[in-house]
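In the two complexes that follow, chain A is the common piece, with chain B as its partner first and chain C second.
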Partner chain A sequence: MSSSPNLIVPNVSTLGVKEEPGQPLGLFFWICVFWIGLNLFGAIFANVLPLQNPLYENFNAINAAPGLHHLFGTDDLGRDILARVVYGSRVSITVGLGSILIGYGIGAPLGMLAAYRRGRFDAILTTVMYLLLAFPAIIATIAVLSFWTPRSLLKIIVVIGIASIPLVYRVIRTATLSVATKDYVIAAKVQGATDRRILMKELLPNIAPIALSFFLIGVATIIVLEGALAFLGLSVNPPTPSWGNMINEARTVLSQNIWLALFPSLALCLFLIALNFIGDRVRAHFDVAENKL
Partner chain B sequence: MSDETLLVVRDLTTTFATGGGDLTAVNHVSFDLARNETLGIVGESGSGKTVLSRTIMGLQPRVNTTVTGSSIIDGFEVVGASENDKRTIWGTEVAMVFQDPMTSLNPVMRIGKQIDEALRVRLGMSRKDAKARAIELLELVGIPSPIERYNAYPGQLSGGMRQRVVIAIALACSPKLLMADEPTTGLDVTIQAQILNLLDELKERLKMSVILVTHDLGVVATRTSRIVVMYAGRIVETGTTREVFHHHRMPYTRALLESSPKVSNKSHTRLVTIPGRPPNLLNLSPGCSFAPRCKYATDQCHTERPELRPSIEPGHTFACWNPLPVNSEATLP
Partner chain C sequence: MKRLVLLVGIVFVISVGSFYLIHLLPGNPATVILGFGATPEAKAILYKQLGLSKPIYLQYFVWLGNIVHGNLGISFISQTTVSSVIRSALPIDGEIIIISQILAFAAAIPTAMRSARKPDGIVDRILGAGSFTLLSIPPYILIVVLVLFISIKLGVSGTGPSAYVSFGTDWITNLESLSLPAFTLATGSFVVYYRVLRSDLIATLQEEFITMARSKGLSQRRIMWRHAFRPSSVALLGAASVNIGGLLAAGFIVQYLLQIPGLGYTLILAINESDFLVVQGIVLTVSVLVVVINFFFDFIINMVDPRISRE
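What follows is the complex of A and B.
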């Protein structure tokens, strides 16, 4: 057998180099990504998509069941549910993304700085944040939104965004703390790296997976919160659709029209499952311990 | 201070404020280090050797820590210097090799970039020059096919290779003093020797001084010219390596030497241990800290602390009331 010796000759190019295992993301992950992408696409291009006017009240088709003309049926005012679900995703997604961006914009830099600098700065800031955390965010947002009228999308985003700052702060601070004590951060320091460099090059890339994962889960949480506020009538004013206020409207006509409750709930539910799953998968994918590197 | 002296440490004391009171991890430590000399710092876990090596270069924690005394590296007083000032000597005057190569490299940065960083930021090299120099350094520390390895991530390298990279990073700005804090503890025995030989060879070639912190006397025996033995934050014996191994006076040094396993022993020989535990640094007795574990201890040892005093050979000092006789010999590990 002339070819057999070749089998035991190690591949020179990989000698001494371990293959990176990296947990595979899996098919379901990509289905979830596709689903989120589809929702985002719908939210952005709702105007140009061949959808009916979400505000047009067709009194000839009230509480219609799903059919050819109205794929998801119509509500108690004869409005097309499909169009309203798609337009409704705009509110949910805008609030979800906008608020968490405010939370990260303020909470993340503070959390990283506090964990890196420690000392009095950290002690004071952390105490303040924990005090804020002790106050239930939902009550606070309900209180503020009840009095801060007229309500607008921007106000809702700002209020929820501010409420999310302590949460983001805590997650980022803890993540940074565990990285900041690693030898490679000290190693960078004794090579004369500046604080700014250490924060940007050593700490940030290493907390990025956790930050991204919590970002996605944060979006999901805030969408639920917006749904709850809309259900209580504290989100955008009707007739502008949002998933939350559609479910609220459906409550009164539940016995005649199951579809009005079903489709927005389903949209909300699937969107959240997809977000949470992606968030979790991303974390596991980058988690060195779980990969047994 | 002569030109031959690189590092002067005087009365260096590091105190941590803890919930249980002040903990003095390094207690009035003084020694000198000459250029191109290798000094070994040995002691049990918790004897303060790591804190000492970090305090010497000004790397103590930012909070709840007080440092007094003096540590002068090539004319630069580290104690009391601001972080910004210390940054001017970190890397160029003094660099550090860490204990665990698994955690001392940034896992998400290519190793080449990690060497580049120092060169570009500290020495102001261009991207191209820095890359060429980084590859040179990788070659210097014995990494095969350095051009390909330049783009590898730490996760793709074995422990020994990573430690070589860590050394390459430490050497990037040609430091005059290299701190090696247990540089081989995280490695296989066969790799340990390779890394230690590499450090030795680089020290000669680059005319550095090296401080080798370890609990392994076998490591320091052949590779250091002088040894500092630490116990409970203090130096208890110091001298030339030969002197400390053959004519040690402090019973603790003897106990340390006896507890390292010897190849010449028959198999299944029980390992010799030091009875008792290292003392609680929060609650030290007024006497010699080693007295509770020492078989030669007298009443004086428990009530009065011995200061370092000279032995016969110049430069050999020890802190003990009841020293071993001068000609006492312990077998080399």
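What follows is the complex of A and C.
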């Protein structure tokens, strides 16, 4: 049974062009998935895990190097760096997921509708989105967050989420456009399928790989942005730890304590590498050209 | 022409956005900006600047009228005009960005060509993996690591925090103090340019005119530079154009760490001191600058490849 498809479907590869449906995911992909899973687990169960209190200031162990009592060492106030790195992942992950969900919640339906309906609705909406895209996202978020005080996690999520809407809109609209003119969509229309059915059953499953890939890369981009805001002191207020504000705190004690800069940086970079790699593999696996993102 | 209309539209959106920032402040803008102990004279100046006694849509026009005349208001911390603050800070950003772009192009063009010559070869794979990793290292981590190892561990003088000297004072020390920031920005740009140019070159090298050039027996180097790089440079310019906003923002971050008095450092200081008119002025200037530079790049791309404007 297993070999029969090969007999029925001949190999159509010609002219030396590879006709593989997509690249295999590979081992490193699953290592990355495991790593993201581990980070999510740590973020969710930080309270339950045998970690020290991330806010407890132990003045007997200031700027300590990694050791048995403090696996990652301590910061300039004697707080355990390991605990702060694990708790700090909460801010990054919450902002990353929360903002991209706002971006997808508004940008994706608009993008699909615009590409499906076309006409004046599409023209106006696309122009508006391009106008919004011209405002550099990071400068806009810095500006809004510096005036819209006092800052809170929710405000940060909302501001970055709104800033991500035009980007999501553009990706989803482009993806839908390339699908909306395919024969099977026209066939569905001819058969009298409702718009709702075409959007949900024909278009959505076909843009899902691009949407998923951009979702992961979007989360990574937003985490970088939140880190930049935190580094500039515009994210959640201390003493709540986040990867970005830990690096910011390390800034002033770089010559005494390299561990405070190194561990949150490492945590952030590894998380980003894993996310970007998974996003890229998903794209390659479903054989989407890189320039579509 | 259509692009010019779009440019005006974008600048309008930016001006409305920057104007409205003041009204995001909790409470009466005058009280928040000036503090409670403000003198009546200072209040009068601010009311005149922002038109605060008028309804909000008229305030916009009062404010816009001032901006068009180059009057961005007065910093209530340093008592100097916002436009002079910006004028003294902006060249530093410009210098960092220009140096970084020269470095990035100098590194990206030869490496992309090397990769494109043998796609999936050993060099291409190493460069691919390396650039992918660099893609996941944000500038605020790269600059911290660089300062940690080069300025602090190796003790290279003139590269650490607050080592900045202006170009006019001593240009060698000035370049030393900007070397790490420029390198950080260059790394971020290099990754983008390398990836864009590599994939575009690979596509270009499959074209028939390349086969034609090969069959004429032209040298590999000549084919790369004269026949393949020229059409691919359009993609490179496009990437550089999109990159400008991110570069300015990354510049803010490196300046903040090293206390280099460019726009970014000035901006963060102003935010921490609640000097809101300076913040507003910098945000407006930077946003308009990004848009105008993008517009300028579009113009150049059209010159290099006239086919694009006809699409």
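Note that in this section the second predicted complex is superposed on the first by the 265 of 293 C-alpha atoms of A that agree within 3 Å, B and C clash if a C-alpha of one lies under 4 Å from a C-alpha of the other, contacts with A are read in each partner's own complex, and residues count from 1 in each chain.
By definition in this document, a residue touches a chain if its C-beta (ideal position, glycine included) is under 8 Å from a C-beta of that chain, and two chains touch if they have at least 3 such contacts.
The model shown is predicted, which means the values in this text are computed figures rather than measured ones.
In the superposed model, A:56 lies in contact with neither chain B nor chain C. By the touch criterion defined above, A:118 lies against chain B but remains apart from chain C after alignment on the C-alpha atoms of chain A. When the two structures are aligned on the shared chain, A:30 is found in touch with neither chain B nor chain C. In the superposition on chain A, contact is made by A:233 with chain C only, not with chain B. Shared-chain residue A:265: touches chain C; no touch with chain B.
For chain A, the partner that touches more of its residues is C, with chain B and chain C as the two candidates.
Of the two partner chains placed by the overlay, neither chain B nor chain C lies in contact with A:41.
Chain A makes touch with chain B in their complex at residues 13, 15-18, 20, 117-119, 182-184, 186-194, 197, 201-202, 205-206, 208, 288, 293. Only residues 57, 59, 62-63, 87-88, 90-92, 94-96, 98-100, 103-109, 117-118, 121-122, 144, 148, 152-153, 155-158, 161, 166, 169-170, 172-173 of chain B touch chain A when the two sit together in their complex. Put simply, chain A touches chain C in their complex at residues 130-132, 134-140, 142-144, 146-149, 220, 224, 227-228, 231-234, 244, 247, 250-251, 254-255, 258, 261-262, 265, 268-269, 272-273, 276-277, 280, 290-291. Interface of chain C with chain A (complex): residues 6, 9-10, 13-14, 17-18, 21-22, 24-26, 132-133, 135-141, 144-145, 147-148, 152, 199, 245-246, 248-249, 252-253, 256-257, 267-268, 271-272, 276, 279-280, 283, 286-287, 290-291, 294.
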